[in-house]
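Here is the structure we will look at, set down as structure tokens.
So that you can tell them apart, the chains are marked A, B, C and D in the order they are listed, and the count of residues begins at 1 in each.
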């Protein structure tokens, strides 16, 4: 199996940002809770590699700490989607053609029909803004995504003959779903998870832009971008750096997902030996 | 249209203006809502009252030429201008005055400032041009109260529809409202007074600070009377096309504290909080230098202002010592922040950091206005909040026991009572200063700074208010050079 | 002069040698059969002639069509040749047609694209071509869509497209492999007629020697990208100079050694089985309609007996298998195994269930690729519930099962993708054997295997039956295989058993018309050679 | 065909009914009182109560729900609490911005994506393909509001080719289209990137189909085969994504509408949520759901037009 350039670049970028987040737990160049108004909006320099923001905080440190929030929000939202969506999809696939399947899938369609951002804003309006509610808002829309993907992939596995072999061995639908179906749709789910992960990062940024993401003093990339947007004429780097960070992280995750799909999908592998 | 295209630009004097406003009014009836944006569009342009605020905050006659006060101070007789009519052609008479005030005072009134009419017992039209207001008790400040946007005169015919198609007596009349985008008004050719010099004005609503900057730079908007992004004001000012005009407003920005709730019921804790706050850093960090430090709840440009900032000078050591002395142990406080991005959100973040520096664990809770109103303002369920009180001369709120920060000390109420009754200017000044001292010395709230009126406008525009004694965009005297 | 002449054709894709010095000729009106097992390069030879190769292909050698050198022609020049001078038919009729276009427009396109005709004239040509392949205008107007046609009909549309412009050469790549025997006979008949009528050359690619014997004038035997032997059919099949030809020949006619036995005790008893499926309603208030998949099927199998079940696709074979295995519930009738009832997924005791196991058709799809072979083989032990052996006992059982089918005990730790198709079918048999069932259902279990592998698997099955006394229900559309390995046979048609009896008798003296048609339609190597060349 | 349409219509109605109930109930638990919001800091409690009564907020729950439903069927969405005008008027005005904007963006993204995706597919595994795919990856990764900010900075503030925002109305269609251009570009590019990727992979799937080989064997050139056989088949998944994107563009333009201060549906609902103008919120959300469901229906309908297997199923 050949590891594609996409996969390498994707892993490189994703790991880089994950590492930044990890390092920030023990060390950052500066304390991000320290607001030194006198040092504000400095361009990149030796002291501050990426400059300082409107409160005089070191942008590199902010990016590092912010990575934690952005990644955590997106990742947990993916987790919400997987934990609720995948069993739902597996259930629907196991009950394929039945009323239960129909209800699950129609319910999915219905959630899809709601404008996601509007509902996210409503959720934060009800529960108040914050990282946790951002996770809920993004996570809710991940559920039908995973349910649909899991069901679709599971349906095609259900038609395989080894499922009949398992049934001949006296195994029930639930047993088969977890023993045989789940491992065989894991690739698809993992690839979908990386896509949802990257969408989650973008969604967090979008929510933060309208003031509904992580709350101060907790830095997040989206919040940095939102607060810096008015400074763009004054100190462009303040707005451009977090923007680029988001682009690179999302790009990295997408490349990772794409590369992973190419790597895992035997059909593609045969297509490009 | 063709003529306009062929006109030589250098000689053509523009007669229209696009005014940028941050908030869109929910509706346009100033007598039925509190939103500042209603007055920012309509006050002095569409609607007029018996009296009005001048550009410097002075109370000037408007629809009333003059007024007499009876000996006992219980009867005000207003003499009205002749030949005034509403935009729909109905003539304006004293009956309209009676109608407007009676409606605002009524049981089912939805006037947001019903309190302004509280001293009034009745209003009658003596004749078409004479309105007589009878008070329950002597009240010296009535002309001030009647200058508010909430006290403008409306016609009984159109009172119900003023929300969407306002009809007043002002120099401009309403043309069109594109909800979510803009409101257009045009010159009223039948205006009773000096006609406006502009033919047309468009109010465009832009709540996003960076969009506001872009709109100015792209000259989509000619002026922002209250420019929402002080950080880019200097850039615009440096541009030869624009000039920044910094003036004063009636907005006292305070860190309000819940005086009812422990540990904030302890004056030592409140005092400690005020010493923890570095006003200069706050004004610099949140407002990019625009704003005047205040030490009490009073506008610094007012003649009666006393500078009491010394009482709460920045002194973190003192702050820690006071906390120690109060003996309340480690404190955790929630800081509720309403939406305004500069003073509230940015300022709040700085204040939280400053409080944390003296050992007060401060948790920020961002809120929408509706939530802030319900939880903080009505529910009084909060510890700290940052808010700008933009009503003119509103120190009286400290006399209300049930107000959200909950002061209402008896000695303060006594001062207010006397103030309401007295008409002697010197005595009034003395009383106002006593009131300022009382709330500063009792550290009711932490007084931060007076909001500056940060206007940006095209260099060729003349006649806009430099200061904001009330929330208004008076276009009466505006013209292009 | 020959129509097509292929000389020293070599092909490599990304440095992998696919074809090596392939040479042959086809004359006008001549049928050249190319025969070989999967991977021998048959199809790539066909695609090389048309130059429709995948990217990164390196082709050398010469291909001349009626004196025109095709190798080295530009793609544009080849476009003029394809469809006009050379037509091609592919294996899979279900996917070879564009589902969104009518059959008429797809056939007419051949005429249109070569500029021979436009609009009405192209439609006329399409109509004529469809008529020639037996798709009459009344039943098959030009506006039919592919999905409205059966597999055999679609393959005929494919032929119509290929012969619409009466090309000089027709290439048919396994044209009947995906079809039932009756359809196969029809399609082969049509091809033969078209060759005769148009005098075109035909290259018929197949893995089935019987088809070659019936159809071809000359044959080329391919193995690993080379033509190992070629010549007139009679000569090649009689002399069999190359050992590979001999091997192909012997394995395709292979009959496993079986000692005739008498069977007494009835193991499986199926009585008047009825299975119907609800047809999805178009409107909620419509009355429910049903499709009858099994219509009063009765069948029995004795202990140790091999019973065949033949029928074409859609006859209900697989439904019968699933019902017998207790995977589906019948609406009527009864299934008993050793007197114990089998009543669907919930009405069958685990103890009864373990007596029946199954071997599937697809050696690739019937194993979970994520589990090691040991776990795959042990899966049916789940049926023993708490009685299932654990640890070392379980391992020993797996080893035994693997060894029984000729694999090593160490294979238990490997994954399924490391095994060839034949080995996988052995593993499938091992899996079926592990619970020591009395009946194994083999659903087209050797259909997907090359003939040489098939012979080995059939031998293994025969040996196991003798050694373990296990009974087989052998389901297949391939009459040869059924004939070779079963004692008795049932013929199923549209959910009904139309004929049954001892295999030899049914095959030599079929009583029912349908059986007769089936047997007549199936190409037979010896019979074909005998009838064409008078010897075998 | 008629049966297909009827069945889909029935499920469409059921979805809408469910959605309306969900929206109504969710909004009921939303904290915040519209009356208090409207009257501000100095209002007395009895004034607020008077306003609540006037706004009809005191009627029982089911009565208000069914009243709302009944009103909607005749196009009456109620009166906005804050604006005090019929919600239908508000929506009517906003739709004139949102729908053209979404359509403009979708048109742009389709015009970019289809050819780009087709080029990448036909040049598969070449440097050109890799280059295009790299660009689309970048496009997908762009936060659209950030991209919009950069667009404004370059084209409005810098070059002054377009105004920075606002919408002049449709009196002058040219000016209106100009005002929508930057927002449409900001919305369209990330969508185009997605669509181009879908187009490419769908086309690649189609190119691998056996009927493509059949077409080539008939003598069609690569290009002819692509146009005559691959495109229509490849467009089916593309159509699905386009349907999803139109819905997304209609509702998801909130942020872009903010950047360009456009009076669209997204900003209307966003402001209405802040102002607790529930009448507006629920009606706009309902309208958006309606739009999505309808677009899905139309997409399904188009499938049936394109695909004879759906139009003429064989039972």
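Assume contacts are C-beta pairs under 8 Å (C-beta built on N, C-alpha and C of every residue); 3 or more make two chains touch, one makes a residue touch a chain.
All values derive from a computational prediction rather than experimental measurement.
If you take chain B and chain C together, the chains in touch with both are A, D. Just count the C-beta contacts per chain pair and the biggest one is B-D. Taking each chain's centre as the mean of its C-alpha atoms, chain A lies 22 Å from chain D.
Remark: chain A and chain C have CA centroids separated by 47 Å (rounded to whole angstrom).
For this pair, chain A with chain B, the centres built from the Cα atoms lie 44 Å apart.
Among all residues of chain D, those that touch two or more other chains are 31-32, 125, 149, 153, 157, 258, 273-274. Within chain A, the positions touching two or more other chains are listed as 125, 229, 232-233. In chain C, no residue reaches two or more other chains under the touch definition.
In terms of inter-chain touching, the protein chains here follow a pattern that is not a line, ring, star or complete graph.
Contacts between chains, counted with the stated touch criterion, involve the pairs A-B, A-C, A-D, B-D, C-D.
Listed in rising order, the residues of chain A touching chain B in the complex are 33-35, 37-38, 40, 54-55, 125, 128-129, 211, 215-217, 227, 229-234.
Note for the complex: chain B touches chain D at residues 24, 26-27, 33-35, 107-115, 163-164, 178-182, 204-208, 210-211, 213-215, 217-220, 339, 368-371, 373-375, 377-378, 389, 391. On the side of chain D, the complex with chain A involves touching residues 11, 14-15, 18-19, 22, 26-27, 29-32, 125, 137-138, 140-143, 145-146, 149, 153, 157, 208, 247-248, 250-252, 254-255, 258, 266, 269-270, 273-274, 281, 284-285, 288-289, 292-293, 296. Those residues of chain C that touch chain D in the complex are listed here as 50, 52, 55, 75-76, 79-84, 87-88, 90, 92, 95-102, 109-110, 113-114, 145, 147-148, 158, 161-162, 279-280, 282-283.
Across the complex, chain C meets chain A through its residues 14, 322, 325, 327, 345, 350, 353, 356-358, 360-362, 365-370, 376, 379-383, 431.
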